[in-house]
Amino acid sequence: MRKFFRRNTAGYVFLTPWLVGFFFLALGPILVSLYLSFTRYDMVSAPVWDGLGNYRYMFEYDRRFWKALEVTFTFVAFSVPLRLAAALGVAMLLDKGLRTIGVYRAIFYLPSLLGASIAIALLWREMFGLNGVINQVLAMVGITGKGWITDPDTSIYTIVVLAMWQFGSPMLIFLAGLRGIPRDLYEAAEIDGTSRFRQFRRITLPMLAPVIFFNLVLQTIEAFKTFTSAFIISNGTGAPADSLLFYTVYLFNEAFKFFRMGYASALAWVLLLIIAAFTALAFATSKYWVHYENERD
Amino acid sequence: MAGLTLRNVEKSYGALTVIKELNLDIHDGEFLVLVGPSGCGKSTLLRMIAGLEEISDGTIAIDGKVVNDLPASKRDLSMVFQSYALYPHMSVRKNLAFGLQNLSMPKAEIARRVDEAARILQIEPLMERKPRQLSGGQKQRVAIGRAIVREPGLFLFDEPLSNLDAELRVQMRVELAALYERLKTTMIYVTHDQVEAMTLASRIVVLRGGKIEQVGTPEELYTRPANLFVAGFIGSPRINMLKATVSGGQAKMADFAAFALPDLGTRDSELTICVRPEAIQLGGGEVQAEGKIRLVEYLGAERLVHIDLASGQRLLFHAQGADSHRAGESVTLGFDRADMHFFDSSEQRVEPALAEVA
Amino acid sequence: MKLTRRTLLGTMGAAAAASALPFKAMAATQSIRHFWWGNPTRDERTFKVIEMFQGSHPDIAVQGETIGWGDYWTKMATQTAGGNMADVIQMAHTYIHEYVQRGGVVPLNDYIGNGIDLSHYDAGANDIGTMGGDLYGINIGATCPSIPYNKRVFEEAGVEFDPLAWTTDDFAAACEKITSSTGGAVTGSEDMSLYMETFEIFCRQAGVDFYSEDGELTMTVEQVAAWWQMWKDLRDAGVVEGKDATVQLDKGMADLGLIRGTTATTFRWANQTGALQGLMQDPLGLAIVPQRAGLQSGHFVLPSMFLCLTRDAGDIPAALAYIDNWVNDEETIKVLGIDRGIPPSQKGRDILAPQLNETDAMVVTFFGETQSQILSTPVIGPKGSGEVRDSFMRTGTEVVLGNMSPQDAADQFIHDAEGILIRASR
Amino acid sequence: MKTNVIEQAVIADPDARLAHEIKERQRARDKRARLLKHLFLVILSFVMIYPLLWLVASSLKPENEIFGDLGLWPSSFEWSNYTEGWNALPVSFTVFYKNSAIVTVLSVIGNLLSCSFAAYAFARLRFDGRTFFFGLMMMTMMLPYHVVLIPQYVLFLELGWVDTYLPLIVPRFLAADGFFIFLMVQFFRQIPRELDEAAMIDGCSPFKIYWAVILPLSLPAMGTAAIFSLIWVWEDFLAPLIYLNDVQSYTVPLALRMFIDQEGQSAFGQMFAMSVLSLVPVLIFFVAFQKLIIRGIATSGMK
């Protein structure tokens, strides 16, 4: 018993704020949402038990659910790697040398500061519109553009570009991670005549693995939950032709526009399972590529 | 100063047992070296003594007092880590003083001890530097300094020299020995390098797979290894091992003529006979074989001669530097029965009956 | 709804409430909350009204709560779910059924003439706020459908038409004229094929309403197909805005071709004209939704906003006093202006007449001149009608993109709409 | 001057000259590489900054010019968008800024403290149930926020916290944002464990290790977390929307949403002007705190 306390006390003391928050503020609402997913609940009247009704409807009848999944998976597949690559590339550019770096860092973070505001939505529609900047540039090299953001086949990629453009937060995390890599490792490699590319593969990547892992997991979670940008750019409708019907946009509309909070909760739990599967996969594979300095367990 | 008693100590991580029912007495004021191949549990054992690992079973007592439940800081010991573990954000002076401040020791006393340690280790000019501005050897000194300012009853060293280059390692080894001479405090030292073990230890503990293979002075281990493992582990260059079959009091090794065995008190028909490289004689010895020199390693004062025997066995011969053997030369080699170490089929040492030795 | 209402944390809650931040109106014995969606002008006016009300009713503290339209409904739903609705809320005709049918707002019958005086209201002004014989939402501003058009562009293209009596053919001709005279830089009109509000008038011109009184779908495949076919023809002729602008749904004013200067007309509720004009340099005119030759008028008026009393209202007398003041007090009406729509009473219109600016005056005139075209009051959609509207836009998009014929799309839309209504009625 | 003499001297020697030439060539190559890098960064910067320029330009345009006219340059500068925008709402922006400042400062402090606590426990301390709770923590990040909005609202309503700042602040002191916990865990785990052990032997309690060893060595991570949490709280809109009723208590992002009415009179110019201003505190903080990330102690002293 004494041993038990000795082993656990410190851990639980430090975890107390989180535990209190989790059990008093988070767990209740989470369980309620799970309960609601088995009900019909319009938010005005009391929830009505519906068993697996929501889930059955989702998988058997709901075409838009599948559409939303398709849109979201496409987005995740493109945006996560591209955004991480952009963030890592720029972070490495900014990590060494240059004295004016502080300015660049601030500038590169700007788009993320602007977030997904009405201004960004207006601007994005303009830029990728039929007469937008993008087409003007394309026209200069003789390519006839189209309404990228209004063509259901390409609209999703404008959101991918938006996600890429707002690479500020993973960039900053990468920068913080790069700061932790001892310079002498590079110096040693330099002396060994290791090429830049090999330095990247042999030193940067492995040393940065925990941070890459963090960004990968978090960006994937965030990408699956992407809401504001798609919502604001499509005026909350997922238009054109449901091509911007991101999963959470659909979920939000089901809940707050069509008063189906029960169904929305079921959608949320399905999404949770999907994200959890991906995260678990990431954690499972992390043993093979993420190594922490000096960890014994 | 402190002596230690380890009784039935066990360590396991889940189903994996790292230390098995280990018993050991460490005398007050001795320099004990734990040695063994990687994964033998030596570091774990040290960390259990330090209080950094929980003890799964059994007891550890320092000065007769069981410390199983005592946190590291209350065990009156210091530890030097393989990676030095200096606090990167503190100057050398702060690194040395940090532990003392935690004891809420008077400032003057802290300053005295820190200065003293700096003087002993000759790191006075480095006191205001940060660890990243130090060379490997300097970091090592600071790490040792941090251990000695505490003036503990017990020093623990976890492979402290393994990150240094060869030259520095030798130098630090000498300094450590000198430090021990000066302090005469109990020291427990973990290494995988048997040279360090031999040169530093008053006693050596050889560990393998979480079990003690042998405890003894360096000389005991060298001259009378308790088993084949210790024989192979202690001694550089490595001991020669030859398989022998026994029948009717006669032992037969490939390439060698059969010879009469002394009474070994075993009935095993398979033995392993070991001979140190320096016990091999060229052109002499009671038991002989023909061989061909494959390679000569010239080390200045000595030469290591690798010899191929007809059956494919290889022997290592430790020659004086002045000998002039060449690769490709055919030689006759041999050794005396008195220089043989016998190990039975369970790899345990077997000794000729006393009468016969005499 | 009493979901997860527990008292286990009650004590903690009380302690927290005691330490809560200040900012509360003090000293009044009664208090109510009024929640509306707004904009800077409307907020300023409404807070002025609240201040005046506090002056005349020092014992009733009123907390004004406001946020923009989109966020309003999210917050409203959350407060409703929590049982914490404001006492008095502003409602839109697109949402009122959702809240009435689920019991979020309560009938006001008992209070009319008994706390709230509506005797000066136009006949039928509260028809749309009345469901199943009970009045749920008081009309606080009427509006009607309109086609705002860019006067300069129409004049420069030499389009001559009667804004109060033009037909779909006139409309098509105007579009053609504008598009060709500007060389395509300005198209005649926005493609309104996905505007269900405009389609409603088109439907009513044929004597068909969207829904029956008991919430059944009454719009027909024929009407839907005809509507989409009409716009397809205009699109094919290249005289309306291209598909790229059309497939963006629920556009804000800032995205309208009318504001951007790329089209000459759009559809809006008449009370929004002032806002449109504020974003434009060219002057605006108002026209009716074009008539279908040989058919009846489809024009109607409806409240742009309602005031409702909620299920969670605590102090009903105070809330009634507030509502009564809102619809009757002369100064209040003056301060409110026609920001929320045209007052649904002659008294209100008379009070405002002297203070109207040019655009407002035009809107009021338009409103008055089209009164004679009103044949009936439309039926407000049942639960699920919001989703039917979404489905209309979505299926219509396929026509705009050329993926479906108007007829096939109409078939599918009606089929989907029926499914939606069945699901919503469960 | 002195170098010149030396250079002159060595040029006589052919080997030295060759070495000198190689060095010169290297220097030229480095310079070219740096220039290229700068050029790339400048172009990228323009792409990144264009929206802000657009926003600033729009904030200076007369209302009826913002959307009809695509050029960046306003026909006349409407500084009144700023002066009038500040007081355009029923409550002055002075109040909104004050409110946002209170919420943000407290939230950032709460976030850093509580999340680093939890992260230290997950990254460094061994206790039963660690993996389980870590999994739960990750899970809280995966559920779309919108579906817990209502149950959470009901909970805070029961606590009597609605229409106060407590629902915005208290959760931050209870490590509600798993993002920061996970972020810090990843960085903490990078710190060699032997440092903890050395500190343990030096007589540090777990708290002292956290405070005197882990925190000072995690400045880049803490700086990153501080920046993110400040920005996110400052820009947070959904929670204030739901929990704050009284306009007097609104935060800046909420106030910005009061300018736009999809259905009626909007004030885009003023909204853009106030949006630009709302970025200022965040930018200042960003520039100040990013130094932490840069100055972060390189861990080269450890291995």
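We call the chains A, B, C and D, going by the order they appear; numbering starts again at 1 in every chain.
Rule of thumb we're sticking to: contacts are C-beta pairs under 8 Å (C-beta built on N, C-alpha and C of every residue); 3 or more make two chains touch, one makes a residue touch a chain.
All of these numbers come straight from a predicted model, not from anything done at the bench.
Whose C-alpha centre lies nearest the centre of all protein C-alpha atoms?
Chain closest to the assembly's C-alpha mean: A.
Which chain has its C-alpha centre farthest away from the C-alpha centre of subunit D?
B
Let me have the rounded angstrom distance from the C-alpha centre of subunit B over to the C-alpha centre of subunit C, please.
That gives a centre separation of 88 Å.
Just the number, please: Cα centre separation of subunit C and subunit D in whole Å.
Subunit C and subunit D have C-alpha centres separated by 40 Å.
Please report how many Å separate the Cα centroid of subunit A from that of subunit D, as a whole number.
16
Distance-wise, how many Å sit between the C-alpha centres of subunit A and subunit C, to the nearest whole number?
Those two chain centres are 36 Å apart.
Could you list the positions in subunit A whose residues touch two or more of the other chains?
Within subunit A, residues 7, 24, 28, 32, 43, 255-256, 261, 294, 297 contact more than one other chain.
Could you list the positions in subunit D whose residues touch two or more of the other chains?
In subunit D, the residues touching two or more other chains are 150-151, 155, 192, 194, 260, 298-300, 302-303.
If a residue has to touch 2 or more other chains to count, which residues of subunit C qualify?
Each of 3-4, 9, 70, 74, 77-78, 81, 250, 252, 254 in subunit C touches at least two other chains.
Please give the residue numbers of subunit A that touch subunit C in the complex, ascending.
Those residues of subunit A that touch subunit C are 24, 28, 32, 40, 42-47, 122, 125, 129-130, 146-147, 150-152, 234-237, 239-242, 253, 255-259, 261.
Can you list the subunit D residues touching subunit A in their complex?
34, 37-38, 40-41, 44-45, 47-49, 51-52, 54-55, 58, 70, 113-114, 117-118, 120-122, 125-128, 130, 133, 136-148, 150-152, 155, 170-171, 173-176, 179, 181-183, 186-187, 189-194, 206, 210, 220-221, 223-224, 227-228, 231, 235, 260, 271-272, 275, 279, 282-283, 286-287, 290-291, 293-294, 296, 298-300, 302-303
Could you list, by residue number, the parts of subunit D that touch subunit B in their complex?
Residues of subunit D touching subunit B: 192, 194-195, 197-204, 208, 212-213, 216-217, 297-303.
Within their complex, state which residues of subunit D touch subunit C.
Spelled out, the residues of subunit D in touch with subunit C are 63-68, 88-90, 149-151, 153-155, 157-166, 241-242, 245-249, 254, 257-268, 270.
In the complex, go through subunit C and note every residue touching subunit D.
Touching subunit D from subunit C are residues 3-7, 9-10, 12-14, 16-17, 20-21, 23-24, 33, 35, 37-44, 47, 63-71, 74-75, 77-79, 81-84, 86, 250, 252-254, 259-261, 269, 271-272, 274-275, 278-281, 339.
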